[in-house]
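Chains: A, B, C and D, in written order; residue numbering restarts at 1 for each.
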Amino acid sequence: MSEHVDPTAPLQGEPSKSTERKLRKEARVQIVSYFLMIFMTSLAFFSIASDAVDSSFAIPFIVIVGAVQVVMQLYVFMHMGEKGTGWINTMIWSGILIAALTVGALMFLIGIVKY
Amino acid sequence: MAEQQASTYEQLPPNPETATLDGRNKYLGFWFFLGGETVLFGSLIGTYLGLRAGTADGPGPADLFHLDLVFIMTMILLTSSLTSVMAIINMKRGSHKKLLGWMWGTVILGAAFLGFEIYEFYDYYQQGLGFGTSAFSSAFYALVGTHGAHVLFGILWISTLLIRYRNSGITLTNAPKFNTAVLYWHFIDVVWVFIFTVVYLLGIGG
Amino acid sequence: MSTAQTGSKNVIWDWLTTVDHKKIGILYLAGGAFFFVLGGIEAILMRIQLMFPEFTFLGAQTFNELLTMHGTTMIFLAAMPLLFGFMNFIIPLQIGARDVAFPFLNALGFWLFLFGGLLLNVSWFTGGAPDAGWTAYVPLSSESAGQGLDYYLLGLQVSGLGTLIGGINFLVTVINMRAPGMSMMRMPLFTWSSFVASMLILFAFPALTIGLLLLMLERLFGGQFFAVDFGGNVIIWQHLFWIFGHPEVYILILPAFGIFSEVIPTFAKKRLFGYSAMVFATLIIGFLGFMVWAHHMFTVGMGPVANAIFAVATMAIAVPTGIKIFNWLLTLWGGRIRFTTANLWALGFIPSFVMGGVTGVMLAVSAANYQFHDTYFVVAHFHYVIIGGVVFGLFAGAYFWWPKMFGYRLNETMGKWFFWLFLIGFHLTFFVQHFLGLLGMQRRVASYLEGQGFGDMNFVSTMGAFLMSIAFIIFLISIFTSKKNTENVNDPWDGRSLEWTTTSPPLHYNYPQTPLVRGLDAFWLEKYEGDGRMKAAEPLGDIHMPNPTILPIVISLGLTIASFGFIYLVYWLIFVGLGITFGAMFIRSVKEDHGHHIPVDEIKRDLEEG
Amino acid sequence: MKHFWRLLPLSFILLLSGCGAENMSALNPQGPVAEMQFSLIALSLYIMIFVLFVVFAIYIFVLIKFRERPGDTHIPKQVHGNRTLEIVWTTIPIILLLMLAVPNVMDTFTLANTEIEQEEAEIEEENGEENGDDAPGSVSDQEAITIEVNAHQFWWEFEYKDYEFTAGQDMYIPTDTQVNIELISDDVQHSFWVPALAGKQDNVPGITNEMWLEAPEEGVYNGKCAELCGASHWLMEFKVVAVDQGTFDDWVDGMTEPPEESIEPTNEVAADGREVFEDSCISCHAVGDEGGQQGPDLTNYGERQVLAGYLDHEDEKLEAWLRDTEEYKPDNEMPSFSEDEIDDEEMDALIEYMNSLKVLEED
């Protein structure tokens, strides 16, 4: 490490061909999934906002749609599916598990109804 | 070693944000922080769900929520997520200008979201929902307010980066910073999607 | 851009601005020791008050403040920082790194802890410390008069933030900073268990943060989360507290387990029995630690299904813990056991902790827990695990690593006096408390009535507490009288892991050349199967190190000022404090600091001297 | 025979149950609830003593056998581990825990179940009653009574829901009858604990918790608050007075309709005392139907076991307490009465009157 590199120098050059291809493909995927999310959000919105959908169906439906969107955000926008993200997956899913336990406990185990 | 992958490369490193050890540390550490934030918001959401029936004769969710307004807010935030994704893609392409442009887009959309939220709170307050009106109101403001504070912090953070690095080009130091800021922004969006569902949609529908 | 900032003019300035993990480790130890003494004094005062029935040494209000502050101090400000001290000092050495992943955040974490702890203790001088127990159950805490509880909320919030930062730092350090060849399954158990404890910190502390935030909003800003009349619910606080609080005790005990897993193999001269089972058991304990919090709430009225589930889940923790105990015993089996003070603490730990563990299983029996809950049986149980486990671990670690950290060995004779007196005092204090609980003495009582039959055992208990104090004073004296034992400090115990390959104390860049790790117990491997020297993973060259900075203190100070603003609701003070904090963060973000390089000549000079 | 271990010689525990105050020890259980809990304690203790024995035996053996002897320089064999041993010490604890978990889960449900018939039948079955043929009679015919326990800083209020009256500090219950208890609180969290009769449940504001207990023998059982509730937490005691059904019925009658003497005393001094009481006390304390509910009901004050929850029932103590309540129970809500408010003569009359407040016939 005798040559010290200046990390504040602007990066020069072009991305490699393969990177460029990858990035182009990625941009497409991102835009498609963005519209997918917009679509799902609208679906959830209309299933509640319009009275057409029965709430016994609508409630589980919007919760599932919400969950799918969260997973899409994590894996598409935030690239949690890429290589070398093992620890990240571990931590995020542990966090989600514990958050879910917390939500469950605070909804059901607060003494109003005994289980 | 990693640090020697210098700016002198003919080609850009495919992932400038994790090209240095510092960058990799930041990347991993920030993700872990988000893992903790998950529990933080989980606790707030749980509290809200536990208390949402406790309106104590004050107004309740169904009396208040402007679902259409919140729907628009959700769209705005989703779009801001997309712009920040585009920013990172352009960062990897080496286009400093486009990086800045897309990021400013994110900031503007974020500010719009925040503006709507402030209006929303103001309106609920006018309708008689003070912070201390009921357990429901406290839990609602605590949850959505904490999210709003995150948005505000994100806007300030990204703006700082954009101003600080307006002329610097993309470097091995600022690429990780932009990347973490964008991760943070996505996370805010993820949380909002969940809040939109369990607070607003369930508040009206359930 | 690299600015060389080597050598500082002023010793105090040097410590205030340090980002060196070893110095921060020592700061943690010093800070933790200070609060440990403070918490100990609080304990002794309470034990004196309980020496006789209806004694009037202290008032009931003072007693409640003492019991609150004793618990809070010992858990947040003594046990955890002391462990953080060892973790900071030892983990980078054990994985062959020159520093932690985030030196700046590391320093910030320490100063936040220190300022948070001091803030909490300021309450003694401003009209009364918090008085609702370390668990601060609402509505007792939300309705408690005065500012004591506000100090509790803000003090813990600030120091908790520091802990969270520290936890993330250790996680990334362990994942990203390991030397070549140091795979996860070659890491020493102390590093492993600290890693798991850091995971628990990451997921447990946010729940506390929210709990404290809600209670703060309730007390200071008119929130109604816990106000029953406004639709609030008081059990939410208990869940949030224990979702944090139960993992917290594993955050304490796991690193202590790690210390024993270093000490026992070293002094038995044997490889740790069942290394992978130990790692696995640690992970399982960490996981189950999150699944069982509600066993603190068996009597609160969750219902029989919930109670039964949490009871069974809690019992399950006994299995991995048992695996660990037997692995330690089997490590000793067939070894050549040396009874140094460090090892005495480890050996004293096994029976003491097992006794605390079995009462833990008894407490997990939910139907029987209705009798145990909130009695001295519980007090006995958790002191058996926390003193018998964590504190013994800290003492074992102190005697074990002292030569590495300070370059001299602690006096063994005094060490043995310390050990035996403390051990006897400890059992004297807490063994009888099991029976006090079963005979009907509830916990957190400022006194007890004459004629209920608690007098004799409480007297014995207090005597034991005195003995523990005397023992600890011997330890403190031995720190100052042992300074001449400087021979054979680099590897005094025939160590097994990487930290024993450095000089004592280590150079500030730890390793002139990053070592190459060829197996578990890397140093032992080289000593007994190689030529006794670590192989280098890189040629000798310039070493990059971070620069010292004063900003961590400034950030912490800002938050402390803002905390006073919150406690007394002085809005301009809040803005000033937060302004200082965010200003310092802004400076940190804008003014890039890329550290400095230590030239290869200087390293060569150091090597010749060493 | 679920509770077979109860029959095992409990020398150790029996020894301990000898010490400690009578009727206030979880080791001296009275009635089905405390006995059930005691047998679980005993079972878990036996299993744990077995564990301790195994660990200590290996521990001591290892320390003696493998200690370093002078001149010993051998390097021990570096053993990696042993799969069989690992499996053994994983499996055996699991079996031991199951032995504990199964009865615990069953008891947890039993204790949460306040449905009387089912309950009694179960206990009968478990105990394998002497009469053998499960006569669904003897005990189960008795109807359960329900008491709502409202805990206050720092005293106890017992509302007898079946009879619509309220008692303070002393909870009378009939023997051999299931008593269902509903726990509530208006201020902070408390915990209702009568060690000799039943483990505790918490009085949580905003929530009603349920438990039950039963006393087979007449007697006075000590009760406590077990959850930190403020400065006088340690003084928040109460008594459970178990009496036979006849006495209990008399007591209920007396409480619902107190003797004429309590309201309009014929004794002259007591009549003066009644006046003082009406001036200073009645706004918070009730006698019979009259009076406030902020403090403990005093209808049967003359029969109280102790006063203020813990002081000996003596005139001097009562006077001292009334003169300075803060001294005897810090942070409690009751005001003190100086000599300006109640002079000595009035005080004597008041005490005389209060001592006359009885609802049971003298023996």
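FYI, contacts are C-beta pairs under 8 Å (C-beta built on N, C-alpha and C of every residue); 3 or more make two chains touch, one makes a residue touch a chain.
Just so you know, these numbers come straight off a predicted model, no measurement behind them.
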Chain pair with the higher count of C-beta pairs in contact (A-C, B-C): B-C
Identity of the most central chain, Cα criterion: C
For chain B paired with chain C, centre-to-centre distance based on mean C-alpha positions, whole Å: 33
Inter-chain centre distance, chain A versus chain C - centres from mean C-alpha coordinates, in Å: 35
Between chain D and chain B, distance of the C-alpha-averaged centres to the nearest whole Å: 53
Residue numbers of chain B (touch at least two other chains): 3, 28, 32, 35-39, 43, 46-47, 50, 173
In chain C, residues with contacts to at least two other chains: 171, 175, 202-203, 207, 232-233, 235-236, 239-240, 243, 300-301, 303-304, 544, 592, 594
Set of chain A residues in contact with two or more other chains: 1, 6-8, 87, 91, 94-95, 98, 102, 105-106, 110-112, 114
All touching chain pairs, where touch follows the definition stated at the start: A-B, A-C, A-D, B-C, C-D
List of chain A residues in touch with chain C within their complex: 1-2, 4, 6-8, 87, 91, 94-95, 98, 101-102, 105-106, 109-115
Of chain B, residues touching chain C in the complex: 3, 21, 24-25, 28-29, 32-33, 35-40, 43-44, 46-47, 50-51, 53-56, 131-139, 142, 146, 160-161, 164, 173, 177
In the complex, chain C residues that touch chain D: 59-61, 64, 131-133, 137-140, 143, 228, 232-235, 268-271, 273-277, 299-301, 303-304, 307-308, 311-312, 315-316, 318-319, 322-323, 325-327, 329-330, 332-339, 347, 350-351, 354-355, 358-359, 361-362, 365-375, 435, 438-440, 442-449, 451-453, 528
In the complex with chain C, residue positions of chain D that touch it: 16, 19-21, 24-27, 34, 36-38, 40-41, 44-45, 47-48, 51-52, 55-56, 58-59, 62-63, 66-68, 72, 74-82, 85-86, 89-90, 93-94, 97, 100-101, 104-105, 107-113, 183, 187-189, 191, 193, 195-196, 198-202, 204-207, 209-210, 222, 224-234, 237, 310, 330-331
Complex contacts: residues of chain D adjacent to chain A: 112, 204, 206-207, 209
